[in-house]
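The structures come next, written out as structure tokens.
Same chain, two partners: chain A is paired with chain B first, then with chain C.
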Partner chain A sequence: MLLEAFVGALFEVLRWDALSFMLIGVVAGFWVGLLPGLGGGTTLALMLPFVYRMEPVAAFAFLLGMHSVVSTTGDITSILFGIPGEGTTAATILDGHAMAKRGEAGRALGAALASSLVGAIVGAGALLLAIPVVRPLVLTFGSPELFMLAVLGIAFIASLSGRRPRAILRGFLAGTLGLLLASVGQDPQAGHFRYTFGSLYLWDGLDLVPVLVGFFAIPEIIDLAVRGTAIAGEAPRGRLGGVGVGVRDAFRHFWLTVRCSLIGTYIGVVPGLGGGVAQWVAYAHAAQSVPPAERARFGHGDVRGVLGPGAANNSKEGGALVPTVAFGVPGSSAMAILLGAFLLVGLTPGPDMLTKHLNVTLAMVWTIVLANVVAVGGSLALLNHLARLTAIRGSLLIPILALLTFVGAYTANNSPADVVAMLFFGGLGYLMVRYQWPRAPLVLGFVLGEIAERYLWISVARYGAAWLARPVVLVLIALTAAVIASTLVQYRRAAARERSP
Partner chain B sequence: MKTLLAVLLVVLLGSLAWPASAPAQAQTTFAGRTITIIVGYPPGGGYDVMARLVARHLGRFLPGNPTVIVQNLPGAASVVAANQVFSAARPDGLTVGAVNRNLVLGQLVKAAGIRFDMARFAWIGSPATETTILALRADLPYRTPADLRRADPAPVIGATSVGGSTYDFPLLLKALAGFNLRLISGYRSSGDIMLAIERKEADGRAGSYSSIKAFIDRGLVRPLVRGFASVPAIERLPVDEDLVGDPRARAVMRLRSVPEVVGRPFLLPPGTPAEIVAAYREAFRRMVADPEFEAEAERAGFELKYTPGDQALRTVQEVLNAPPDVVRVFSQFFRFE
Partner chain C sequence: MKASRLDGRVVFSGGVALAAAWALLQTAGWPAKAALYPRVVGLPLLVLAVAETALSLRGREEPDAAAMDVALSGDVAPDVARRRTLATTGWLVGFYLAVLLVGFPAAVPAFVLGYLRAQARERWPVALALTAGATAGFHLLFVRLLHVPFAEGLLWRWLGR
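Take a look at the complex of A and B:
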């Protein structure tokens, strides 16, 4: 019965009108992903007025076709230029762009695309499998559990920092700074203004996009200018290709790719964590799973650091659709906009979507998969040309990269203060790179700090101290302890082995 | 090169044809011009969706059939956008502001950062009203306001942040009408509160009727009280201000509700010439009555009701001229954000 409906939905998506709308969406999403600043959520809002007269299946093929490829092509910009193509693809910069600088852009891109496709399929599969069990899946996660999930994510900082005591200390300091930065703005509980310095821009807190764009792109641009070479520097020309190697990497580390896809899916399914989190938790998980002996290379061009976030930022979309479709509660800010589309085409999200309108839900599953197949196929054809961009002289690229960076930051709020924020975090990012402070913990603290604070407040206000005794909370506490302990034990063993060879 | 020439030709022909189709009787004409609606919120929210809906249709009703585009200028609950329209935009009718209905309350309690005077804008009016209601889970035994006064233990009311209507509406009911409620603020969005209600972390919430309607229809929650502004579907619910005896408490509740009559404010910079303002008011009046606009607005979940600019301005003045003792009590409960 479900299978029949599933196959039926495929043919609905393959009807000429739905298919052509999907292809238009994919082409739009391709560019939206490549261009920094212009995000998937904003573009969804711009596309919304076009769906007033469409059939539901065609409308969602159009919208989801766009949205589900944005993270795929966003990875391309992140890897090639070190500028986050999307707010959700910043984590691929750390290792992906480092690979590009070594002349392995092709391999990094191949790995990102292959893992994106795996992620999209896992995410779509989750949407399909979740249909019968969606209520318990979403409802077991109350505010206390969300708080502990954020804490678990923050605990990964230990594995992102490096192994010497000094590096661990720096990692925790950077993470703490991230947590502090997350507290800027009007606090949601009592309405006090924190660190806003009388500026209206800081009322709503720091915006993720200008912060990430500056934090990652500016150091790369300065580095490119200082080196005076192409992005790929003196690397031998022959290695610019290697797309096939990257694709094979995704399957060589297949289990890691799948695990990170599942992490992304689950973060998507749980509403209240937000779209920017999945990539960082997946990145941290990838770091965690690398054997300590090889961890020194992680963050400096390890393909596993590309596969993790590459998979997670795609799989989270399928996951985020689950609560959107089943409860009418969006799993991410882009899904909140998609929710508006349901009403426009005359559907009410909720239990009906799993029975009466099951065909529309299943068509969404197919749209996510097909759109990504098209986007990945299209990108693969272009990749070897794209990878050659890293061989262009830096002095020719820098003006273009600087323009993209400034425009990308400015489009976040159309405010000059966006550019100031971008430059400030650009400076901070440059200093951190220069003095070898790890940047990933800061971002992890920044994206998780707000979540942790929010749900700790609600948990205590609602349950007093009783929230600590909830079973899922206990499991998560144990997991957090295990993550920290295993990292420390690994480091200690590695250190011991070094002392006694 | 050929395509470029073709495009140029089309543009030229288009610009020749455009003024000819404009109504000849109009004094003011926007023929060939582009009008920008500045929205004080990021893409996707209610204010943005309304602005984009208006942008799709308004051009048909303004003299000269101009192009209308939307620009998002988010920040500080649309204070940034209102400041911009008040002092930086030229009063030539080409810049329209679409801002938070509660800005007037922010001005009343002298919130930080406000550099505008709501009474000095050239008001176009509002195409829709918004109504705040309090709804509780339908499986709970609360059906009337009296049940909520007696409720024990106090039902948990989820809220987004201090200052939103999800917070101050139940707060006033608790403080002035003696409802026994436990307010928990800090949820990220009203959707997240709805989910908390599903998993019984919260027992109910306040918010706009349009955002709760789907959950009432599904049988998850039951509406109990509404604010002063209303729509036909919930006309018969008890009104918050009728539940209090003290006239000052009544006035405080009314003060919170009044801006909801002007649910989606559209305004022009101060000093905009009278004939331009008149053209806009006429265009909005006709647009709101237009069947095509009506159909799309209904699908997007809006409760259409045109409040003309002069009436909106009177409402603003009514709020700003509230007696000082009422404002003092109101400021204790209300925090602009």
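Take a look at the complex of A and C:
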């Protein structure tokens, strides 16, 4: 019965009108992903009015076709230029761009695209399989557990910030700084203005787009100017090599790719966490899962640092659709916009989507898979042209990268203050790289800050101090301590091995 | 024992420590609801930043303490690197001031052409071709297609245009 419906849904997506709209969406998403700052969520909102007169399957083929490929092509910008094409592809920069700098752009891109496809398929599969069982999973987590999940996420990435305890100290320092930066703006409980310096722009807090664009792009632009070479330096030119190696890497480390896809899917399912978190947790997991001696390669061009976030930032779409479709609870801001599309085409999320409109739900699964197959195929066809950009002299690229960075930041709120925020965080990012403070924990802290505060307040208001004694909270506290302790123990052992003859 | 030293690393971590202390002091007059979260995260931030500053002051830097992050290029002479860093920062700040004064549509060609000629010392044909391409791309994509509402430059407002 389900199999029959599943095959029927494929034919519905392959109908000329749905397929045409999906391809238009994929082409739009392809370019949106490539352009820094221009977010998939914003574009989704801009495209929403076009679905008024469409059939539900065609409407979701168009919207999801566009939305589900932005992370795929966002990885390309992150790897080639060190600028996040999307907020959800910033983690790919750390190792992907390092690989591009030493002339391995092809391998990094191949790995990112292959892992993106695996991630998309795993996410779509999760959407297919998880709907009947996910409800109890989501409901086991209340506010105290979700707060501790945020703390665990930061502990995870902070403890993996370097090889030595000093680097871990800086990791936690960066993470707490990110958490504090997230408190800028009107507080959600009392409506009090915090750290706004009387500026109207800061009332709503700092926007993620200018923060991320500046944080990663400005240090890269300055370093490119300092080096005075092309992005790929003196690496040999010619046709892009290693794409096949990168694709094979995804399958050589297949279980890592699948595990990171599952991490992305689960984080996508939990409302409020989203792709900004999924990519970093997957990156941390990729680093955690290698022997300590190999961990030093992360951040300096280890392909596993590309596979993890590449898979997670795509698989989270399928996961985020689960609560959206099944309960009408959007897992992310983009899903909240997509929820609007349900209402526009006359559908109500909930049990009906699993019975009366099962064909639409299953068509979504196919759309995610097919859109990513088309996007990855198109990207592979264009890779040589795109990667040639890394061989262009830096002096020619800098003004263009600066232009994209400025406009990308400005489009967040169409305010010159976005550019100021971008420049400020660009300066902070540069200083952090210069003084060897890891940036990943700060970004994760910043992304998680808002929800961490909300869940902390609800926990304290609802349970007082007793929230700390809830069983799942205790497990998560123990897990947090174990993550830190195990990292330190591993470093001690590695150091002892290095000392012994 | 190593002598205490005051370098960029100390100034940076010390600055973060001061910012954390300031952020905590600010919460003194706030309602409990608004102050809870900044205190919960501000206090560990202050402790960690003070520890990092103290370690930097003592000149203690572990070998292999590099962050799991990209590293700046180290194969350029420090004075050249400093000069290029300052020049690039100046161009970026200049671009922002141009955006503020004349708006994006006029600032984009001015910045691209200015940078290519004055900083990168590119030949006129290359500089003009790239400027034309960047300006055309900017107008087509962001102005025509996406209708991004770019703010008018302050200079035009002052001139009453």
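Assume the second predicted complex is superposed on the first by the 486 of 501 C-alpha atoms of A that agree within 3 Å, B and C clash if a C-alpha of one lies under 4 Å from a C-alpha of the other, contacts with A are read in each partner's own complex, and residues count from 1 in each chain.
To be clear about the criterion, a residue touches a chain if its C-beta (ideal position, glycine included) is under 8 Å from a C-beta of that chain, and two chains touch if they have at least 3 such contacts.
Every value quoted in this text rests on a predicted model; they were computed, and no experiment measured them.
In the overlay built on the shared chain, the residue A:Gln189 is in contact with chain B and with chain C.
Contacts of A:Leu44 after superposition: chain B is touched, whereas chain C is not reached. Residue by residue along chain A, chain B and chain C are tallied for touches, and C comes out ahead. Of the two partner chains, chain B is the only one touched by A:Thr348; chain C is not. Once chain A of one complex is fitted onto chain A of the other, the partner contacts of A:Tyr52 are limited to chain B, with no touch recorded for chain C.
Applying the stated contact rule after C-alpha superposition, one finds that A:Tyr201 touches chain B and leaves chain C untouched. In the superposed model, A:Trp457 lies in contact with both chain B and chain C. Shared-chain residue A:Asn414: touches chain B and chain C both. Contact with neither chain B nor chain C is seen for A:Pro309 once the two complexes are overlaid on the shared chain. Judged by the touch definition given at the top, the superposed model places A:Ser143 against chain B, while chain C stays out of reach. The contact surfaces that chain B and chain C form on chain A in the two complexes overlap at residues 46, 189-190, 414-415, 457. Residues 41-42, 44-46, 48-49, 52, 138-140, 142-143, 186, 188-191, 193, 198, 200-201, 203-204, 271-272, 323, 327-330, 333, 336-337, 339-340, 343-344, 346, 348-351, 413-415, 454, 457-458, 461-462 of chain A are the ones that touch chain B when the two sit in their complex. Against chain A, in their complex, chain B makes its touches with residues 42-44, 48-49, 52-53, 56, 71-77, 79-80, 83, 112-113, 156, 160-163, 184-189, 191-192, 194-196, 198-199, 201-202, 214-215, 217-218, 296, 299-301, 335, 337. Interface residues of chain C facing chain A in the complex, by the touch rule stated above, are 8-9, 12-13, 16, 20, 23, 26, 30-31, 33-34, 36-38, 40-42, 44-45, 48-49, 51-52, 55, 60-73, 75-76, 80-81, 84-85, 87-89, 91-93, 95-96, 99-100, 104, 108, 111-112, 115-116, 119-122, 126, 130, 134, 138, 141-142, 146, 148-151.
Those residues of chain A that touch chain C in the shared complex are 35, 38, 46, 82, 93-94, 97-98, 160-167, 169-173, 176-177, 179-180, 183, 187, 189-190, 192, 194-195, 218-223, 225-228, 287, 295-296, 298-300, 393, 395-396, 398-400, 402-403, 406-407, 410-411, 414-416, 419-420, 423, 426, 431-440, 449, 452-453, 456-457, 460.
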